[in-house]
Amino acid sequence: MLRLLVTGGTFDKEYDEISGTLFFKDTHVGEMLRLGRCLVPVAIETVMLLDSLQMTDADRATIADRCRACPETRIVITHGTDTMVETAAVLALRIPDKTIVLTGAMVPYAFGSSDGLFNLGSAISFAQVLPAGVWVAMNGSYFAWDDVQKDRAAGVFIRPTRPA
Amino acid sequence: MLRLLVTGGTFDKEYDEISGTLFFKDTHVGEMLRLGRCLVPVAIETVMLLDSLQMTDADRATIADRCRACPETRIVITHGTDTMVETAAVLALRIPDKTIVLTGAMVPYAFGSSDGLFNLGSAISFAQVLPAGVWVAMNGSYFAWDDVQKDRAAGVFIRPTRPA
Amino acid sequence: MLRLLVTGGTFDKEYDEISGTLFFKDTHVGEMLRLGRCLVPVAIETVMLLDSLQMTDADRATIADRCRACPETRIVITHGTDTMVETAAVLALRIPDKTIVLTGAMVPYAFGSSDGLFNLGSAISFAQVLPAGVWVAMNGSYFAWDDVQKDRAAGVFIRPTRPA
Amino acid sequence: MLRLLVTGGTFDKEYDEISGTLFFKDTHVGEMLRLGRCLVPVAIETVMLLDSLQMTDADRATIADRCRACPETRIVITHGTDTMVETAAVLALRIPDKTIVLTGAMVPYAFGSSDGLFNLGSAISFAQVLPAGVWVAMNGSYFAWDDVQKDRAAGVFIRPTRPA
């Protein structure tokens, strides 16, 4: 059994045709798992629906609380990409004994050409086999929480260049 | 670096609007990896484009040859679901020292609501972390080659019931 | 008020993921009109769900009966493209005093990249402004029932070449 | 032969995955006509790519100039919905002798569930059969330029209530 914590991010944004802006209504994660014919038992819990640029320390503490409180030891978190790495660092300090995989999307699932479905399949899979620790699953790869950064200009996750 | 061997299956079927039937034109795997913003290096090789019900022993031997011949030790194979388990068994006998993950789809990717993108994200991920052996990645799970069967009535992969 | 008679055709075909074949489950026309934000009152009536190659004289008589019996004088008919012209000819002989527009699709709406939504918008529009008579609305054009044929090799509707 | 003047609007907006905002890159009208298998000859001309709330009197004068200058007497204009009616009024004063049909979309075509394809089929059709004048084709209907307004709260076009 996996726990899937929804926190928002581009993943779940929708287009409001009256205002012409993007907003959150509800998560698409359940629908995406049905579309993927996922039969792994997943307990979905919407913790918040936030653009990750607006996520506060208190929000991250809430996410950590939910990770600790849930009975599952394998957790997927959907999260905005902009501060995914910051949240991963907070979780790594507080939750040493569970496998936590953060993922997100560059394009809203509702816009049809999203990377979200690919990333969700990837995160669900990594969460079943990686050891305890906090990981980011993006761009088909998995990254340890302390060996990843978002290249915002390119919109991709990379391993930071290290000094020799 | 992963090797991705394309063998056909529902994954890559398309609709021929002149005849009103399904056919193979070319694989969509490269487009799907771009859509998923996959940055894991993947060498894509189209071995055949077959409905897996029409796959022969000779075809399976060809697939095994390609698995053995390629330099990569981690391989994803896209395959029709109907005989995916048979091919997995052939590969398990012949390729003991590589991680091989077979995946497929119940709905063609070209039909928009496919499980294929989810499964591809899943297979690419499992292939990076599972040990040597032959695996089936379907329905969000991974199955050892000798502990899986397709429930054709339900259209899903399950672990067979074993006698005590 | 328009009447929309559903008779089947590629328009409404779906993919059966268990058998891997195309079949009819229900019409998508209501969903398509909602997607198009159509506010023209349309009374939708499913007369049959047939591949038009299997349509018989009795089926065409049934369609004609429904055209005559309904109170509306402006009618759209969704129909398989293969025998759309034959049905148009039957209707032209029997229903002289209503505006009847037949339309269809080359790709099932459910497959995402369909011409069906475009054609439905076109047919609904022509039906509101063309005079009494039987018309085919395909490929963005309108054709009089006796000045149209399907070019099956190209999958398009054309005006037949006439001898001088 | 129809002329199709592109002016922007929601129709052609896209999602910028780096900034998370909507922007214009290029028109999708040509792709949409191909998807609709439209065989009516259409000369596509991109006049501007603007959110219609930012359209100035000078922009409207430019659109009118293009309507007058082009050889075709039947014209479709894609336009943002917010000021479509204002542009229609300007054109009605300046172009008395051509059939001009304005259309738009509530959801970007690139977001997959757009009304744009339906509306384009509708506008292309009305443009072929309506008499000279300026018309708005939205919600499956056609409206004379002086008998239409956008209900911004509902996101639909209606005929204004007239005093008796």
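In this document, chain identifiers A, B, C and D correspond to the written order of the chains, with residue numbering beginning at 1 in each.
Simple rule for what comes next: contacts are C-beta pairs under 8 Å (C-beta built on N, C-alpha and C of every residue); 3 or more make two chains touch, one makes a residue touch a chain.
Owing to the predicted nature of the structure, the values given are computational and were not obtained by experimental measurement.
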{"item": "Option reproducing the contacts of B-C, where over half of them reappear, out of A-B, A-D or C-D", "value": "A-D"}
{"item": "Furthest chain, CA centroid comparison against subunit B", "value": "D"}
{"item": "Centre-to-centre distance between subunit D and subunit A (centres being mean Cα positions), rounded to whole Å", "value": "39"}
{"item": "Geometric centre distance via CA averages, subunit B-subunit A, whole Å", "value": "26"}
{"item": "Between subunit A and subunit C, centroid-to-centroid distance (C-alpha), Å", "value": "45"}
{"item": "Numbers and ranges of subunit C residues touching at least 2 other chains", "value": "106, 112-113, 155"}
{"item": "Which chain pairs touch, all of them", "value": "A-B, A-D, B-C, C-D"}
{"item": "Residue ranges of subunit A touching subunit B (in the complex, touch as defined)", "value": "32-33, 35-40, 42, 106, 112-115, 117-126, 128-130, 137-142, 155-156"}
{"item": "Complex contact set, residues of subunit A against subunit D", "value": "10, 15, 17-18, 20, 22, 51, 106-108, 110-113, 152-153, 155"}
